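Letters are used for the chains, namely A, B, C, D, E and F, taken in the order the chains are written, and counting of residues starts over at 1 for each.
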Amino acid sequence: MIKISELISFIEEDAPSGDITSLAVLPDKNCRAYIRAKSNGVIAGLEESAALFEHYNVSVKKLAGDGSFVRDGDTLLELDGSIHSILLVERTALNIIGRMSGIATNTWRITSEIKKINSGVKLAATRKTAPGLRNLDKKAVILGGGEPHRNTLSDQFLIKDNHLAVTSIADAIAKARAFSVYKKIEIEVESQGDAVTAAENGADIIMLDNMTPEEVLKTIDTLKSRGLRDTVILEVSGGINEDTIGEYAVLDIDIISIGALTHTVTNFDVNLEINHSLKTVIL
Amino acid sequence: MIKISELISFIEEDAPSGDITSLAVLPDKNCRAYIRAKSNGVIAGLEESAALFEHYNVSVKKLAGDGSFVRDGDTLLELDGSIHSILLVERTALNIIGRMSGIATNTWRITSEIKKINSGVKLAATRKTAPGLRNLDKKAVILGGGEPHRNTLSDQFLIKDNHLAVTSIADAIAKARAFSVYKKIEIEVESQGDAVTAAENGADIIMLDNMTPEEVLKTIDTLKSRGLRDTVILEVSGGINEDTIGEYAVLDIDIISIGALTHTVTNFDVNLEINHSLKTVIL
Amino acid sequence: MIKISELISFIEEDAPSGDITSLAVLPDKNCRAYIRAKSNGVIAGLEESAALFEHYNVSVKKLAGDGSFVRDGDTLLELDGSIHSILLVERTALNIIGRMSGIATNTWRITSEIKKINSGVKLAATRKTAPGLRNLDKKAVILGGGEPHRNTLSDQFLIKDNHLAVTSIADAIAKARAFSVYKKIEIEVESQGDAVTAAENGADIIMLDNMTPEEVLKTIDTLKSRGLRDTVILEVSGGINEDTIGEYAVLDIDIISIGALTHTVTNFDVNLEINHSLKTVIL
Amino acid sequence: MIKISELISFIEEDAPSGDITSLAVLPDKNCRAYIRAKSNGVIAGLEESAALFEHYNVSVKKLAGDGSFVRDGDTLLELDGSIHSILLVERTALNIIGRMSGIATNTWRITSEIKKINSGVKLAATRKTAPGLRNLDKKAVILGGGEPHRNTLSDQFLIKDNHLAVTSIADAIAKARAFSVYKKIEIEVESQGDAVTAAENGADIIMLDNMTPEEVLKTIDTLKSRGLRDTVILEVSGGINEDTIGEYAVLDIDIISIGALTHTVTNFDVNLEINHSLKTVIL
Amino acid sequence: MIKISELISFIEEDAPSGDITSLAVLPDKNCRAYIRAKSNGVIAGLEESAALFEHYNVSVKKLAGDGSFVRDGDTLLELDGSIHSILLVERTALNIIGRMSGIATNTWRITSEIKKINSGVKLAATRKTAPGLRNLDKKAVILGGGEPHRNTLSDQFLIKDNHLAVTSIADAIAKARAFSVYKKIEIEVESQGDAVTAAENGADIIMLDNMTPEEVLKTIDTLKSRGLRDTVILEVSGGINEDTIGEYAVLDIDIISIGALTHTVTNFDVNLEINHSLKTVIL
Amino acid sequence: MIKISELISFIEEDAPSGDITSLAVLPDKNCRAYIRAKSNGVIAGLEESAALFEHYNVSVKKLAGDGSFVRDGDTLLELDGSIHSILLVERTALNIIGRMSGIATNTWRITSEIKKINSGVKLAATRKTAPGLRNLDKKAVILGGGEPHRNTLSDQFLIKDNHLAVTSIADAIAKARAFSVYKKIEIEVESQGDAVTAAENGADIIMLDNMTPEEVLKTIDTLKSRGLRDTVILEVSGGINEDTIGEYAVLDIDIISIGALTHTVTNFDVNLEINHSLKTVIL
């Protein structure tokens, strides 16, 4: 779902009083322009960029779909309209595509590595997104084949150490369930014992936080021995990076969540080129 | 300048219907909490975080100042207030500090490397920021000792290839100057000849785009031979990274601008801990 | 979580150019005023009203807590401040309290009736709220002891007939689970067969829609006979009112959801009185 | 006048991160859908609903007009467009139509009863509307044949007891008139004497508040005996309901105002059905 | 009623990325500053300016009240706070005071001239205000002793030639009255005959548009001869300026309205001075 | 760049609950209307007005371009659409055109006078604009042939007496340059000595504030004698009006800036007429 007013706010951030260079230097005319990939990867942000260009009366032909794999040189969008409008939107569109495709590509890449090891394990994002970009960042994760995880503080229970400092696992789960049965209950634990208690009390998801692969393995064994492994979804989290992810992926877990998916983003390179050879009309 | 409504919008993004876990599980009480650095670097985003906590009636004591160098373990903010409010703001505050400090730290690190080579060269950011975060990203660059460069399309002329495809350098500069003399005129050029023409026509800043160090050197020599070097600010840009930056920094240039400063950010690790041992009062 | 800008927008709706009667007729002075209940019931909206009065610099002493049972004549809030400000906020505050307490009281009343019959059954609201008032309406349901159910289209899967016209139950559940394991999957069914299929395929919640008590009973029996009853939460919905609710409440179900809880609201009567006998100071 | 940004905000309230069920389960395709009445009454909210669907690129054919009387089963809107968009808007549109038509229908019904007794008396709403829905609620009253009364604190003088505690009737009217002659002056009175004083001092409208029919009758007689009846509009208000309204409607009054018209609303039942038999195209 | 978010938006308009001069040049410190009048006249905008300074944590002592007459050199506000904050708000506050006081002073001056001639005539503003400043412009008129007239299209009926081209005076008045009796009905007429018709049909206010003083006189005589003069408020409007206003003011009219009051504004000169001699503390 | 949401907010300001006169009195129908100039001058605001009418589905044919010279009687816009929509937008559109054309015409007129004396001198606006109308006011200045000057506190350094009370000219310039080389540095000075110091230290622009023509002349001579005249742009400002502007324009300066261009505006007269003779269709 495109929130067009939010996208327009990005343009107004970039041009509070308009694009003075184009206003001063460039007679307005219609032209054709192309947005092209300059790297290989999973593309994202085309829908948002197209909506923005269209808001400023630029026609858009989509030559690639969000979530598809593109290669360096591929044309993604073909644009026809006022050169003033195209240059006004250019940087914002490239910033959106660059960030979202960077997230999607990285998600896809790590997911591919995990799948080679264990097809039953999914890669999840966290709430460590850029402020104001929660939905775009999570959408990029989905387009890259990742699991979005909790979107906000409002859509799932996630009981952490700060909650458990005040109340017991059993009590916390009971209270959450009493509040609403329509949302899953996840508990973050740091010990085998707490994992067992959480499972026994009916947690839907258990996050094994900051455990070594060995500790995770022992916890799984303990859960299995008590017949609790299949009653819960197991997520491992905390300090896992590409070097160590393989050691977790081999285990009988369901989810590996990594904050870096959205907080440490590598931009995906795209550019916009105007075709000046086309016959154009001064507006 | 803190835009408090923008900061609040980040909270509303993260909790459209409130923090259901705390609401369900945790009796509201006053507590003390600490935000601590988990890495070494230049800290940023404390002012914004403090403003947010204070908006939700949490008292804040600042133990470090934005722009200062902090070490892993340093306490940055001491918080006193409702545990519900502290947990509501926690993730947003950490996301702001994490991103801004990541940018500030990276800016400071690269700037330090440049300064070792040539104290006359500054590191500049670009408009390749996260959508919606232009001001926070640029502020982080400044706190890291960087040059913010053009903030928006409205505050400087930057004449690029798409403008020059339609008009000449001389004409573009003349039109920009006629539009307003209160804003600097920068031209992006890709050849020595264009650099000379730009300088001859009174450009304030010349961006040497995608040139090799050798090409930059020749361009500087040509400008010097015509007595034009000191009439302009020289910026080099385009595909420069940490491996190659030294080859440019030795040259007689003024600015090196790098998009990655804000589009490819490494999060700075911070956390929030609640002191549960303190005597607390159920609200 | 109070969204103060939303509450202020209600005042600006009610006074786009200020309260002209008070401006014209009434010298501004400080006074004390009381908000009092004029009926018996579960009160709600005090937190929101207090936040609004405080925004306009009126001091508020809370004499009752949201969610508590109050009686006709009970004083709820004691206000001290500018009479202009108190009259500016009066109607909006009373409208908020009136609607929210109406919802809370009705929820509490019906819940009490259900509990007499079957303490294991909860009363749930739906998304049939007043446009723009989702959070306030749902909060009122919670304060009245109800189950809020899905808050938005974003926080739970609810697969309905329009989805199932295109895809099978098994396929829909599989796709939802593949999209995210962090949100519960509910399916709306109108037949015993579909209920069994949904349970077999791992639905978390099954909504028995527009079934008679007899049909619900048979469906439960069938699920039980296959050992599926305890694997799902059972919600009954559709055309249930206070006359018929008892026939459902006796059954082995978990939830009864009723749209009327929020779409057909009876206002709870409250008023505001100014104490003119107190010594006041012309501002 | 449709405020489209306000309507869109209702959608964003209902889908802060999109409609995850449709995204996960349903391939997007074009389809046709119908909104149909499920009760008899005066319909309202079609204009707002149509504007919302059109904003999300769904074509709308209006088969009934706001303010017309419709019957159970009547088709109100025919929709053609993306099934994702139709399902995104569905609940919000139904909530708008349900509330507005509920108000319009009730207004029409009570007005009809009054007209049978006394065609000179109109039924008026108050400012006791749902917060944020003032304009929609008042529009529904107008569509139902009611008198909207004062829309806000800014568009009419209404002098109440809290004003009169500080100043006299004569003084208050004089001050209001001095403030502006472009807005009518209404006074709320609770005694015959005050009614006479108000009329003598040139009030445009007198609200007889919380009077029994006998008291109203005596007040009218007194006003008539002094030749003041025809100089003012007489409104009766306060605790009037459908059981007692007839006792007031027979009197020589102009307006009966009832808060319940907008604060105690019975939803009007409408639904949306998708025609799955039509040939559809996967987008 | 101060709308603080609107006032803050003026600051954000003036400093989209902060006040770079102060940030770069000036260590932040506390200081005292004064806003002083540089002309004689009726002051306005102090309440708005004070609210803005206070929002940015600057303490304000009001030394003059809105609507009072001040002289060149009078101190209006005394400010204590961060010099960064004071300079941030300075220009916006001065622009608000300058415009509002300019309007108030001009209103007061022309009103004074009218009162010398005919104390029964009031000077009214129109809707010809600066876009976005309706409330501030109208408030300034009120502070200057003027009549604000209709504030918006929503708060009064004003039937003009474009309405009367489609319907008759009698019909238009009847329809307006049927729509709502709570708002006054004004008719703009250009002939004696229409004025009589309007009065006969119960218009509350008649605007004699673009008539010469002689035509107005004749119209009044005609109305008087039919006993209609005292049933209506008479407003003259259209092309009246300070040279001609005296010719209208002598007549038996109630209101003279002039668009120039708000569309052709002369700024009132005020300035802000910082007291650098006070001992200040670097923040 | 049109900010459509800002323009719509002007309509919502003028009609918070719609245009009740048209709603009550006028059947909606399509009609044609014209906006015509009623004076001679440089027109502005047509682009904004057209965007507003089009937002409300009124077709617009532009018969004049912003910035062109028009004469009394010239048709500027031809409108086709719903009479309700045209009347809804009418006043806002006329207010925009009236203010912007007033500014543009005055700018053009004074600029013409200056050019007769000295073609090298430009007329500049200041930040003394109507709150909220910075961009529209500055755009009008540009359309009138003026120099917009600094748009906001964020886009240029302007070092004033309040900054220099704390730091020296040399230091202030150095700090500004260290902050960013991408923005020009202007210094406001009141003495020859400070002008020289500013030029010696590399100021880009020197504003000679509140100097007599003689003082300006001496300052220029001093700068010339030191070879500094051509290194800076010279702006004169402060108390210059149309009577005295000629005395400055003869001097070797670059810019004369006048706050009155935007703070003391004379409205440009335009009107809107509906062609009632055309065959129209009741909607």
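Criterion: contacts are C-beta pairs under 8 Å (C-beta built on N, C-alpha and C of every residue); 3 or more make two chains touch, one makes a residue touch a chain.
Note that the structure is predicted; figures quoted are calculated from it, not measured.
**Student:** What is the shortest path, in steps, from chain A to chain C when you may only step between chains that touch?
**Tutor:** The fewest touching-chain steps linking chain A to chain C number 1.
**Student:** Same residues or different residues: which describes how chain B and chain C meet, taking over half shared numbers as same?
**Tutor:** different
**Student:** Which listed pair, A-C, B-C or E-F, shares over half of the residue-numbered contact pairs seen at D-E?
**Tutor:** Same contacts by residue number as D-E, out of A-C, B-C or E-F: A-C.
**Student:** Farthest chain from chain D, going by mean C-alpha coordinates, please.
**Tutor:** So the farthest one, by centre of C-alpha atoms, is B.
**Student:** Among the chains, which is located farthest from chain C on the basis of C-alpha centroids?
**Tutor:** Of all the other chains, the one whose centre lies farthest from chain C is F.
**Student:** Specify the angle of rotation obtained when superposing chain C on chain F by their C-alpha atoms, rounded to a multiple of 5 degrees.
**Tutor:** Between chain C and chain F, the superposition angle is 180 degrees.
**Student:** Just give me the whole-number Å value for how far the CA centre of chain C lies from that of chain E.
**Tutor:** The mean C-alpha positions of chain C and chain E differ by 44 Å.
**Student:** List the centre-to-centre spacing of chain A and chain B in whole Å, with centres computed as mean CA coordinates.
**Tutor:** 22
**Student:** Residue numbers in chain C touching 2 or more other chains?
**Tutor:** Expected reply: 5, 15-19, 88, 134-135, 151-152, 154-156, 179-180, 183.
**Student:** If you look only at chain F, which of its residues touch chain D in the complex?
**Tutor:** Within the complex, chain F contacts chain D at residues 5, 8, 11-12, 15-19, 88.
**Student:** Going by the contact rule at the top, pick out the chain E residues touching chain F in the complex.
**Tutor:** Within the complex, chain E contacts chain F at residues 6, 9-10, 13-27, 29, 83, 87-88, 91-92, 94-96, 98-99, 102, 127-136, 152-160, 162-163, 165-167, 172, 175-176, 178-180, 183, 259-260, 263-267, 274, 276.
**Student:** Using the touch rule from the top, collect the residues of chain A that touch chain D in their complex.
**Tutor:** Touch residues, chain A against chain D: 1, 3, 5, 134-135, 138, 151-152.
**Student:** In their complex, what parts of chain A are in touch with chain C?
**Tutor:** Residues in contact with chain C: 122, 124, 142, 147-151, 154-156, 179-184, 186, 205, 233, 254-255.
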